[in-house]
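Each structure below is given as structure tokens.
You will see two complexes here that share subunit A, one where it goes with subunit B and one where it goes with subunit C.
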Partner chain A sequence: RGLFIIRVFLLFLMGETLPRVPGGVPVRTLRVKMVLLGSSGVGKSSLAVRFSKDQFRDSSPTVGCAYLTRVLYLEDITLRFEIWDTAGQEKYHSVTPLYYRGAHAALVVYDICKKETFVRAQVWLRELEKQYIPGSTVVWLIGNKEDLSQNREVSLQEGQNLAQEKGLSFTETSALSGDRVNELLLAVGKSSSHDAPVQTGRLSDNLSLSNGVPQGSDSGPTFGP
Partner chain B sequence: MEEDNHQDGEAQEVKISDSQPESIPPADILLGNHECPEPVEGNHSTADDRNQSVDSQPSHVGAEESGLDADVPPHLGAKLEPEETKDSDCLNNMSTHLDGTETEVRVTDNDQSDSGEFVVTMLAKAKLEEQGIGVKGRPSPLLEAGIQESPSFKSQRDEDVTTDSWRQHRKHVFVLSEAGKPIYSRYGSEEALSSTMGVMMALVSFVQSGDNLIRSVYSEEHTVVFLQKGPLVLVCVSSSRQSEQQLLGELLYVYYQIISMLTQASISRIFEHKKNYDLRRLLAGSEKILDGLLNLVDSDPSFLLAAVHCLPLASSLRDSLSQILQKAITPNLVFSILIAKNQLLTIVQEKTVIEDARLEPADVHLLLNLIGASSAFQAGEIWTPICLPLFNPDCYFYAYISYLDPPECTVCLLLLSTDKEAFYAVAECKRKIEEAMLTQNSLSLIAKAQLYSVNQVGVSDLRHFMYKPFDVPDNYRQLTQFTSPEMEAPYSNEEEKMRLLDLYRYMHSRIHSTSRPLKLIYHVAEKETLLAWVTSKFELYTCFSPLVTKTCAITAITKLLRWIKKEEDRLFIRYPPKYSTTPNPSKSSKSSKSEQQDSTDNGYLSPL
Partner chain C sequence: MSQRTERRGIHVDQSDLLCKKGCGYYGNAAWQGLCSKCWREEYQRVRQKQIQDDWALAEKLQREEEAAAYASSHSAHSQSTAAQHASVGHFSKFEEKKTNEKTRKVTTVKKFFSPSSRTTSKKEIQEVKAPSPSISRHASFDTDQVSKEFVDFLKNLHKPGRETYKQCRAFLLNMSSKKVCCPPETITVSISYQNKETFLFRQDLGADELSECVQDFYQNLADRLISHFKGSSESVEQVMDQVEKYIMTRLYKSVFCPETTDDEKKDLATQDRIRALHWVTIQMLCVSMEEDIPEVSENVVKAITDIIEMDSKRVPRDKLACITRCSKHIFSAIRITKNEPASADDFLPALIYIVLKANPPRLQSNIQYITRFCNPSRLMTGEDGYYFTNLCCAVAFIEKLNAQSLNLSPEEFERFMSGQTSPQFSSSDSDWPCSESGLGTTVTNPVLVQLNHNLELLTGLCTRQEAVMEAAQSLQADLLTWSDSVQQEVHNILEKYPLEIISKVSAIDANTDNDNLPSPIKPQVFAD
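Showing the complex of A and B:
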């Protein structure tokens, strides 16, 4: 874990020292297909919009599946995230495999204030296990709505335990405040593109990469347009 | 009540119109291809005294008197058109079982208000029971706390169904399963209404047990219309004074919207497997779409006319947009639709598709509602299965939906494919379209497009109109469209708009009455005069200032028709282009077996 933090930190430092050319020619471009899964109303779309535009939007229930992109320029690599934000509604479940097939990262999201979404997340995990080829998809467990932790029904420990037991990466985020969302995206990018050791357990708070991003993002590395 | 004043006013106005000199030239001459009207049927009507008195005025040329039937809305009290025997039979049947002791001559009327009252009483009882249950089930302090907690979150879904305000909604719509399970209610939560819906189902099955079909119940203030579609029962309780036919049509739209999300095949399959399945599981998150549809049905005449309203656009611009769509194709793409401000800009269809079927206006309405009712499309590019119920109720298309002008989100592109794997290919089409539109500066040209003002027609007394041509252009089966100017003063506020729409609905119900259809109606209302006219070529509704004379109105219509003819390239999508994308015609969605397979396992058999 420490190694990972140092690695990310080093990457960050290097990124900082190199003059960044917007739209400059990077060495490599990697396509990272990620899919957001989970019950209705846990905040998948809000997370997706955070990932893609770094905004918060209270959205209506997703119809089918929304496709969003985000390009992230790192020092030696450009990550092009293709985010598939699936609908949590049951009527779309039969088409969901269409979206998570071939995904590099699958984010199973639950709402920390709703126990049943956590239970549901476990069903999603089992469903995923049937479909994905181990090693090709990195599965993350995400506890969202961390800003509402006063109404918490699922403890941090429960989330961590589940993740550990299944060998998943885990973090709690807040799409509303943007807390740990960019870090999550970066970590997803890393774990999917490099053969970086998969981070288990909660992403450390001191992994803050804020460095005066001009576009008003409260925390996070310099992300591309 | 507002309604009553309005009727009194009408009665007076009717007199005024009668005393006017009736030296009107025959409509035929002025209005070109008007066919010989049917003989007067008004005199047979015993339902409406005033109507009779008007009709029995010393009459003039035959052509006119049948049509120019200055009439009064039939909604004076609970009245059933005597011709509608099916309903009264049904009601007779019911009331004899329930409380029938009628010997009067006007059996139908009394019966029907009795049974209406019965339903209302039953519904009220159900309501009381609910109240009781509510009190018993939950301790009241908790209930209060619950209410206090979230007053700001009160949506129409949380509405208290025991209040008077709930009862006073103009139009309620309920959807339930044959097992009596609530599926949807326009106002209030379905749970709270489960016993009310139980009563509705009891009515349905009671009549059914007598090998009959309940269609409607009329009471003094409400019309209750029932529609049974497969395993679903749809009920509308309306105080809007619309005809049963119209309310039935609206229920059908609700049914189709549900089908568009789930397909007919999967719904029947689900209920075959499990009679008391709770369909709300599958409709969860879609309530807004149904709410949106019902609001549109009330406020947008497209639904009434079963025609699509397209945004007026210079034909050169529309053609260039069509060409852009025509060029951006990929295999299995079947429809490319461009929408701005919730109105159609242009539509391009696959060649083989248009041969065996055309896109029905209702399917377009459902698509437009889906896009308009949800803000979810503004987030990114959407890829979703969707069924076009009139095209094929059992199979899915895959819709690509994306706004072309974020963050304003007014111009929306909708691409329909039969291939569920085609997302990337279809998204590539959007890129091409976007690029082409950028080079042609189309977006800013579209932004300038707007509805036209009735003043452009240049007819002084004309306030508003709706014109629906049949088969534009001639003899070719095309998407049915209509054109209509913006509603301007005095119809600029919501209330007045609704009032005008209600008048149009009334005219429409008379024109399309199943028992006594009319070709031409001249109707003097309290604050305006309306003229509706249907021929083999078009259907026209016009609204004039109140003191217009028949002569003026008819002259005005001649002018209006000339103006529309002149402007038709701008007002309608005239020759929608086609493209060919289906390498193998058998892959067309109409005949695709695999698609149907997909649709049937939707949701229900999913492990979650």
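Showing the complex of A and C:
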């Protein structure tokens, strides 16, 4: 089964060269599957809507916002994001590993105003580590509702420390204001596309959790104020 | 009587009603003026021709292939041709009906007693081998239809199309020849066993290996197509969808719920599990759907229908489409209830509820089949993939479901599971009246409402049918008395004006028969 998943993964990351665009540069299209994990109420769905439409959820006219897409056209690559929202209720926790099969990025979200969601996030992370297939999924830790900084229960430092310890990429966002949401999306896309050449070449095991976008690097997201 | 009516009725030329072939039976406009028998013959002839054309194309491609094989290795040639030849016949038999459990057991025992000489078995196989393609293929119209569509689709692609077709045929032959090239004792089984292809096929390859074969094939073909289409992923996906349809329609019967797996056991377990959970209410699962709203319950019913329909599809992608349709209905139901877009938090519980209500047939087999044989890009990404994953989650949740997941105490859960109490009665307040509450006209359970409604419709239909019957009988009586009365009338008239034979003598015509009259009264003709 593992082999199978890797093969599937290969299939996606290879991307495909499309006919030339007017500029004359061949553009690759890349599918990026990202899964949102975290407790109920931390703002996963709000983030998903932000990712796909760059607006806060209330004005969304769609029937459902569990599966959303967003296409970003960059110079040399077209990124097609698929955003998979998950049920956050604790009773569904045990079935969530099914969601992140073949995901390029897993975003573990917590609410900076609720300590218990941060504790819960660590459970998610341990779970992810257990199911983890080296080289397949880049894991992110996201502190959401950054606009409510005055009620903060989890400090920026705590989040950064956890990320460092586990070797994850980290950022704080606000789905409400849209702060750093687009940057995050770009960074997720870049970390997925950067891995692509390695993936096409061979089955490499040098991509581990720590090989996400390293903290503070150019392509990484920005950190808090 | 009918004869009379016919003579009396509007004039239709008899010949217009007869079969155009002139066989003497009545024809029908729906059958282009032919009778049912002639129509069937005609239709079969056309279809047969189509099949033969396809077959000819396939043969031609096969010959090309064989020629290539011959060139590469002369010695292996005769063997492989024989194998390919045999497998054509074998393959078409894939579609044969699965025999039931009993037969399987019997034959498993049988195999110990059957002779195990290799030469006989080969000869036997030669004999069993080739029911003419048209006959065996005739059995499955669907398969023919799919092949035809596939060939039509590929025709437009020219060279890559031909290439693809060749690859698919080769793959299918390869899959079926796997059964032929198996150890002697397995071949022997085939003789004593009517449904041998399926049997051998399964014994030869486990489900995971089969899946691997198919997936490898998909990937190789996709790789080739990418270079053919210069990287246009959409065209590749289109072709791959058709390929999946073609291949899986053919393999379905032999790779769906194969005996080498315990899929069937799991199906039964899940089915029993869902049955045992019949008491779970929409409130326990915290589903945000108000079934009292007609539009919502309409969507719920549609969702249930769609998920049940999944089992009837053969192509993995068609099955996925059923799941997606089901999910869309659930989203609509939630959206109508909550008046805002449904999120994943609402969707998963609702899907669990729908699965519990529907108890879809062979759920585990279907999920396994899709997982093994669907184009992988459809499973782990894309909208279909998302809903499929949710379905897998729902099933996993139902398997693990316990008191905690329904917010019940363990004792309550036990009581419900054992059937000692059911939540409807234990929590019988105004919102769920017991059925024996006398003239209870306020039944709130939507199922009961539906049931009552249907019963009313049925009684309505019954009375109408009775009325129709009565009217028909009185019409019959009327007709009888009418013919009697006509007879009576005729009789009366005859009596009133009895038929008198008036002798010809009464009239004397001066111009005729003069010669016959006796001479004394012979008229004299006088000139004026």
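By our rule, the second predicted complex is superposed on the first by the 157 of 225 C-alpha atoms of A that agree within 3 Å, B and C clash if a C-alpha of one lies under 4 Å from a C-alpha of the other, contacts with A are read in each partner's own complex, and residues count from 1 in each chain.
Everything that follows uses one rule, which is that contacts are C-beta pairs under 8 Å (C-beta built on N, C-alpha and C of every residue); 3 or more make two chains touch, one makes a residue touch a chain.
From a predicted model like this one, the values you see are computed outputs, not experimental measurements.
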| request: May I ask you to decide whether A:Thr86 touches subunit B, subunit C, both, or neither, giving the answer as first, second, both or neither? | output: second
| said: Let me test your reading of the model: by the given contact rule, A:Ser45 touches which partner, first (subunit B), second (subunit C), both or neither? | reply: both
| task | Applying the touch criterion given at the start, work out whether A:Val123 contacts subunit B, subunit C, both or neither, answering first, second, both or neither. | result | first
| said: Taking the superposition on A as described, I'd like to know which of subunit B and subunit C A:Cys65 touches: first, second, both or neither. | reply: both
| request: May I ask you to decide whether A:Ser94 touches subunit B, subunit C, both, or neither, giving the answer as first, second, both or neither? | output: both
| task | Would you sort A:Gly102 into first (subunit B), second (subunit C), both or neither based on which partner it touches? | result | second
| Is A:Lys33 contacted by the first partner subunit B, the second partner subunit C, both or neither? | second
| said: On the A-aligned overlay, A:Leu176 touches which partner chain: subunit B = first, subunit C = second, or both, or neither? | reply: neither
| query | Just which bits of subunit A does subunit B share with subunit C as contact spots? | reply | 40, 45, 57, 60-67, 85, 87-89, 91-92, 94-95, 98
| said: Show me the residue ranges of subunit C that touch subunit A in the complex, using the header's touch definition. | reply: 212, 215, 219, 222, 226, 230-233, 236, 328, 331-332, 334-335, 341-345, 347-349, 376-377, 379-383, 386-387, 389-390, 392-393, 396-397, 400, 404-405
| Of subunit A, residues touching subunit B in the complex | 40, 45, 48-49, 52, 57, 59-69, 83, 85, 87-95, 98, 120, 123-124, 126-127
| request: Enumerate the contact residues on subunit A facing subunit C in the complex. | output: 4, 7-8, 11-12, 16-19, 29, 31, 33, 40, 44-45, 57, 60-67, 82, 84-89, 91-92, 94-96, 98-99, 101-103
| query | How about subunit B: which of its residues touch subunit A in the complex? | reply | 261-262, 281-286, 288, 370, 374-386, 399, 401, 420-421, 423, 427, 598, 601-603, 605-608
